[in-house]
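In structure tokens below, several structures.
Okay, so subunit A shows up in both of these, paired with subunit B first and subunit C after.
Take a look at the complex of A and B:
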């Protein structure tokens, strides 16, 4: 199995244009055999188009698609060893669940499908529903039928186009785990298109964040989250506090920055922008990495931590944590998520505070970018995903 | 619960609200009334009148009386069964031709026409702007003995084949079964295309993609997905074509001969020329019953009850 690369997906210079509109800019991407790969982005970012080009439902304007060593660029979908779970499932309404699942096998001329179909329905826990019509099932069940219908063909690659988009939140979480379980069980390459960053991070081994037809950044979820390379990734994947700062000096591996009187330290390795003295850099830190201390206790903040001051503008208690919005001279809406372990009663809106965090959690981005790229996109596009 | 409904603020409002609720309950019936009246006056009453006519005896001079003379039915059937059979055959042939011609066109409009869709739809309906009679008469010119169509069919030896099949005779198309079936097909084609289009257009294009994704070639996709899903359109299209075609008399009258008379022609003659009302009424009821029986069987067979 280790040398088998027939489930690799290699996209080389693949692009798609519609008239003068470029949906996907020339793109190189390799998805290794057996991985769970997510294409994450807002609607219209080209992720679905990319998926459809792998499926053969869309002809690329340039470039090639390889599955393992086979060039499938010009093969029609019915000749590709790839199956798709469609966004709205696209189950055949005139066939029952059994026949829906058996469809692919029958098309390939396999006569005795009963055992396989029953096993597959068992895998997705729908053994009882075999003789029902799709419209008699709930959304979650239909979704599982769609997965079963694709998986039964043992494709080299399974493509999932926003498969959980139509489900409510609770069911979606449940199906995420279920899909992950199935993927581990069958070991097939999964390519999953989604606009839900949490979904991408929970399920995938590797996530490619797409924006405006390009891959912004590719990596493991933790890597993307901890080391975003662009403001889009920083804002789209979770929340980031971005501070515009000026490079003051370099101290070994560390970059010293100034922002509205505050002095901040940034590990050189975590800065994706050229940091020359006097240049601008966007300094970022995730809300949960920041600690909050009341201004009266400012002296207790340990040395060596990045610290800025501010006033609590808003706080919302959400059970496991409290989310604060801090009005700071360096950043008007600095967000802090504090675990509700020992709550300081003085931390209420209006209180003066000191924000401090370990410099190792700081990341630096190129200041030439739009500081708000990727903000709020997820919420705005919920349910209208491409 | 009782405490809530009896709450003081609601109490004074309750008597005021009651009258409108009563009227509201009757509203559906008022709305149904025009339709029911229409059906009674123009459908139920004529039906009863015809039913009674069919069991009357007498003559035009002495007047007709209801004598429950059911023998009229047997006599009519015994005398005119060839016309019945012919009607069913012609209507079936025309329906089949409509399906064969109409399906590709409906498919094209639904899936391939793009921005031409509306134009093609208008072209399909356009013949309705001309009178049924004029359109049928036009076919007299098209199929004229010295016309280009007959000439071409003769040169290509198609007429030899149709002569042998008994669809045409001599060097003529006009006044033959072929002409009548052509007229029927032409006149009822839109009634086939429109329901087919409606049901094809409703099919989610992603189902085609899904079929392709699951290893179905385009033709298999059509056989296994598109066609089964368009069955409601096929059924209603064939019914909308077959039923009026079976009762039609204009095409047989204008394009046929005495050898191509359909049951509609017989009924027309009995009513308007021979003035034998009981026989005409009995024939009408036999035709109705026959069509009803065939349609019921057809819908059962095609198993589309849950799709329609």
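Take a look at the complex of A and C:
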């Protein structure tokens, strides 16, 4: 990272309300120069509104937006050193690719744009298409034009509003890597809005998970995934098995919990809720961290692992792994993903099993929350606002 | 049997051709009769081929004068109605204001109103205002009834425009004026052009409203109507045919332009 901070984005207490509806609650956020930052959340969580406030397309109801040391809160979009890649690209249909890319340069009164535009089209591998109209290009190509059109202006910050939402899965994977490559190459700050958690985790250095106009949690992708602080993050980012448990005792750094007869251990550092004896917490564990052993071999399960019993309700083979749904007393739909290395032929629906995992992979959440927050969020296309 | 099969296979084409014929037959008649040499004063029966009328299109007293007035009125009415109508259309689609819904429906009223009623009430209005009937009253009336059509045509286009295009322009350093000139206007242009053409055609051939509010001014449709009582000069057909050819050339030119653009792109 350089010491130059002109590409820092600082949001201080910005909020946006439409009448009585609050799209974004007062929010503080700092995105350091040169980072790839993702705002992740479901439709209507306020992520796009936040982005539009940085772009200047939406005036914050309160708070301020700083780029580096400059207060840009009240600057119109055309005076901000920020460019946006819009959802569905918003390429100018009446201009060819060359003129689309040259648009920003021309508006700033730069006369000799040819070289720059050609270089930029080369960067996104569209040199051949310069004289075509946007509708003659494929979705992936249009997307790259949108990126080129924004990047050519050397903005301090590039904003990406669900830029890959319209592409099919394979192309999306390809473009994710492509965008990441471009970001590394040009080194400017990228702020990326998406509802696709995999996309956010693949591309971003830092992810802010938003829900109902608030940032639920912010951190590196691995940190968010391994140590979710709220049920929303636990469920929205991947899948979590959450069990309601009662705090039995505290033993040094370990919290001992009881859930339907099972005794579970939770490292104190991984519990984001106050755990007092007799109180309740939600115990979570990711499906791929859990091992399955047939009940007949229960004795082989090593000591010191968290263990619960159950019966296989369903199993689906998906090639690289098998996904089991276990009906257990603590949780009616406990999910387990097992790598297909040595498959135990007895693990079929109906079989009694022991589920066990390393206590270090357990996390604890405040039991006062909705246990299902963030589950099965419908990925609808998000509108302009909110 | 073979014929029935052939008919079945080509039914759509046949129906299409028949409809096209139905649409174009009047134009064909107008054109054919522009080469007629009628015996009496009425050009209703084919006598013999002649180029007389084409050689002297303005050979009839007052006809070309009325044509010139009609063209002037049509051009000014088109400009006036297009500018005002485009602004109204943008306002109705882009802005939320009090009574927007009411304005939206009121705009359609002149289209739904029987023309003869509107003509009579306009005359009443002009007389009460003490306005002198003539070129200006015709122009005012034409702009008024063309407006609704322009608004409708432009509105449809503006509604289908993605507001993100203008936001993208602003994001790319275009101020409000640049955004309008470089992005909004070019994209709305087909709708505006359609509205303008419609306004021109409506104004040029309007008879009823014009007739009520013209005073002593005579437009081309009024001239045709007036002469139809006393005899129809062949030159009327010449003017009609010319208008038709100009319109066809206009369409062909725009199609050729579109084709060339498409070929360039490919």
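The rule we apply is simple: the second predicted complex is superposed on the first by the 376 of 386 C-alpha atoms of A that agree within 3 Å, B and C clash if a C-alpha of one lies under 4 Å from a C-alpha of the other, contacts with A are read in each partner's own complex, and residues count from 1 in each chain.
By our rule, a residue touches a chain if its C-beta (ideal position, glycine included) is under 8 Å from a C-beta of that chain, and two chains touch if they have at least 3 such contacts.
Every value quoted in this text rests on a predicted model; they were computed, and no experiment measured them.
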Three-chain arrangement built on subunit A, subunit B and subunit C clash or fit: clash
For A:104, select first, second, both or neither according to whether it touches subunit B, subunit C, the two together, or no partner. both
First, second, both or neither for A:317, with subunit B first and subunit C second: neither
Scan A:93 for contacts with subunit B and subunit C and give back first, second, both or neither. both
With both complexes superposed on chain A, which partner does A:78 reach: first (subunit B), second (subunit C), both or neither? both
In this superposition, which partner touches a larger number of subunit A residues, subunit B or subunit C? C
With both complexes superposed on chain A, which partner does A:136 reach: first (subunit B), second (subunit C), both or neither? second
Touching both subunit C and subunit B, counted on subunit A across the two superposed complexes: 55-57, 76-78, 82-84, 86, 88, 90-94, 103-104, 107-108, 149-150, 153
Any idea which subunit A residues touch subunit C in the complex? 55-57, 76-79, 82-84, 86-88, 90-94, 96, 103-104, 107-108, 131-133, 136, 149-150, 153, 384
For the subunit C and subunit A complex, residues of the former touching the latter: 162-165, 167-175, 178, 182-183, 186-187, 264-266
In the complex formed with subunit A, which residues of subunit B make contact? 204, 206-207, 209-217, 220, 224-225, 228-229, 231, 307
Subunit A residues touching subunit B in their complex are 55-57, 76-78, 82-84, 86, 88, 90-94, 103-104, 107-108, 149-150, 153
